[in-house]
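Okay, so chain A shows up in both of these, paired with chain B first and chain C after.
Coming up: the complex of A and B.
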């Protein structure tokens, strides 16, 4: 039995804004005058022309005393120390890996800032340098923490904790980094049987929940034989489509919003969540539920 | 973008389970969004978005001299431009190979007179004809380019208005033609039999349609069929890899089924009233 093929006209698209009855901060567009006085200092995302201070990106204003900056709504990832990121290895070099983390420049992962199998305090020998591709090779996905930010904005990562390391079976999504809500933890084992890593860089990783974390020493193992059962697969697929639906309607992503969206989406089957109406519906219901829980 | 082994395994097992990463079945298509008449200065245009794949097509018309072999036929030419915005791989001359491949497949799919009748484009036998330039711009690549391009091309041709020729005068060797002054007085082409293309990828032991960019990487082989009213106009293989004869037969059957269904869905949406408001591709 073949499924129906949906082709819609663009004009029938539902562009309902979600933030009804909410205070929406003013969005500045590039070239817009922010201030006519000269007493303010020029921060990120702004420039001076004539006597005016103008926005150079589309975003919202942030002011600290006399420093005005515009934070863009959509941008590449600007890393900060301590951020949790998900990244993909793009290159293996001398004593380091290059990692794509959705930043303007590729990030670095030094051989000295990973936990190699065999204990934390192990000396790194020349042998390890030759073995680098066996630990991580091009295309591999990792979760890591930002250790340092260089002057050109590129990041240095580390995986010196058991929770970081190579990622196994699952699916990765890309959303705008500004949609990821900063919180105490970005690793969530959801009660519905899947784990989500919300990387600050906008890369979201959804995987089946690991049962035995202990034998995952150093985080360099991938279980390729294991077949993810159908139930878990459906949960992962549903989470994926829910997160994309929320991202499309610009709803902030954190554990509660994702769980709410998951609950609201249960009336659709997983593939139906690809339809634009269903996506908007789920996002509206989620936003509504979030508003309710905020005020109660 | 390169996937790692574990991600590929996840996709592979999903295809075997008949439950893909986004919840689709093997023979299921992603929803699409179509808009026609998006480019004001073109004779016909369309934009199609299929998940992350975004294609813009514009049709331009000029007069030309028919070729000696087919004096009573017009001409159609396809040109594909891979924008470097779509993926960094297209930078410089990176997209050229793919562009020629798509353009050639379209040319061969539209060659059959049963799929697209070029004789309608003839103005004066052996002397003057219309030539359609179909310009295709790939704005974003999210997998399944062939299908998206063929649908967008069909929609753009459907949208194309050809100026009505009132009279043709032969003055010595010069052909003079008189075109209607009323810009709304136009001729539409018969686009119903125009082909649509379906990509069938073999992932593991199974065949899937409408592969996403990640799924395309897991495919061991893939083929493209162009279907016009329950007939194949072209069958071609994209990329490397080989198909077993029985798999080939199966995928041809699947391609034909999906192709006619896709065609039906497209014609249905094209027959709807033309859009009153413009959406464009910035929103």
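Coming up: the complex of A and C.
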């Protein structure tokens, strides 16, 4: 079998950034003095030493009245109530699951904050506790919403909606959480036969679009018997490679940018999209298209 | 063959540098996508990769977790091809364990661990090419990787070596050639902005009278390195920020 193998030197890699916004705000780096006055309040990414307020991360300043914080351009996921996340079960405990959500600490999914099969509102019996592993076991992927943020920064999740629940057939990929654009909805049924969940925590789930929505009970059923047709699988693979290409060039991810990237990528076949040149090309064309649609 | 001297009569070293001149430093942030932060650093021919994972939940035994601070886990390793002689180095040999511990101490002085109770920060450093000053290069690369990961630091933590040539003149940033030619090597890890020394180590003895001279040169080296790293960090933040369009910021101003 003949296969092409591509080997490149790191030196020859194309690293040109896609600058779209020429105005550069002031950048702070760790240890830099932000203010010499004591009238300001210390926010995230800052600390006080002597009389100075100093930055502790590299990023840009955000000020709300007297509260100054420095936001790094990349960090672990900082959960906020209402965020849509995709996560992986790491542990099954008494009345709760532990979920890895790319956060600083593992998140909690309480048995009382999931929809159990058979009725919206019913008491969680001891039987349910014994059945927990049948619903969700270690390694399962779920989509959920952040219900609460605890004082130590860990998150409490819930899946009390038909949208959320166990994920069955599809592909998950990880990008940096800062690349996910916050929007009204993070569930997108793309017109090309695939659905995308853009988790705020940087986990992206791509799956074939459900045909009959009634089947989706938002619970813990996994339909692994149904065979996904080859065409759909190729679409999913292409979408995955497109998202990777955008993430590599630091283009924000949202439904429009993903769709544009998909359209631009059609001139390559799916495997070619993994070549660095193709990735950069798709990212540049997408960025260009986004700029055009923004100004028109 | 004539005996090689560390510093020639006209004040040049074996590799043509002056006594107070650093080797060329080139570095890059965000070289990997899998870790939360990563950096590559070249100091002369010494090449180092650093990757940072975390802060994340403590894995493997909850007993290690601290209720008031994050734990930092450092691992240093050298590639088999990093030195002149190809040698398999099992992980956890004496030398790499020692460097791991020193790296841990150096980073603990800068990272604001108290912000992340119950968590863990992993720092992995791999030497691709060892040409003198391996430990300082690791500290500098680890600092960059931590900044890339968005982990709060009090300030940059930088390291530099210095030596004494001809029993009189202080030299900065010692290469492997100069290390093997002899001469004591003083390694200093410092917080350059507040001029605090975190860690100091000497390979040989020299007279106490020379110490201030050598130490000051090493500290100056740390400051110079900090300035170089700072430039790279600013450029990196600028590049990332302008391609994401400085997202999620209030752009009214």
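By definition in this document, the second predicted complex is superposed on the first by the 283 of 296 C-alpha atoms of A that agree within 3 Å, B and C clash if a C-alpha of one lies under 4 Å from a C-alpha of the other, contacts with A are read in each partner's own complex, and residues count from 1 in each chain.
The definition used in the following text is that contacts are C-beta pairs under 8 Å (C-beta built on N, C-alpha and C of every residue); 3 or more make two chains touch, one makes a residue touch a chain.
Bear in mind that the values here come from a model prediction, so they are computed numbers and not experimental data.
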Clash-or-fit label for the pair chain B, chain C on chain A:
clash
Between chain B (first) and chain C (second), which, if any, makes contact with A:261: first, second, both or neither?
neither
First (chain B), second (chain C), both or neither touched by A:57:
second
For A:194, using the defined touch cut-off, is the partner it touches chain B, chain C, both, or neither? Pick first, second, both or neither.
neither
With both complexes superposed on chain A, which partner does A:250 reach: first (chain B), second (chain C), both or neither?
second
Touching partner for A:284 - first (chain B), second (chain C), both, neither:
neither
Who does A:239 touch here: chain B (first), chain C (second), both, or neither?
neither
Chain B clashes with which stretch of chain C: 5-13, 41-49, 59-67 or 149-157?
41-49
Using the touch rule from the top, collect the residues of chain A that touch chain C in their complex.
17-22, 24-25, 27, 29-31, 45, 47, 49, 54, 56-60, 62, 71-76, 100, 104-106, 152-153, 174-176, 178-179, 181-182, 247-252, 287
For the complex, give me every residue of chain C touching chain A.
30, 33-34, 36-37, 54-57, 112, 116-119, 147-156, 191, 193-194, 230, 233-234, 236-250
Across the complex, what residues on chain A touch chain B?
2-11, 13, 15, 88, 137-141, 167-172, 222-224, 227-228, 230, 233-234, 236-238, 240-241, 269-271, 273-276
Show which residues of chain B lie in contact with chain A when the two form their complex.
1-7, 9-10, 13-14, 17, 19-25, 27-35, 47, 51, 151, 257-258, 261-262, 265-266, 268-269, 272, 275-277, 279, 283
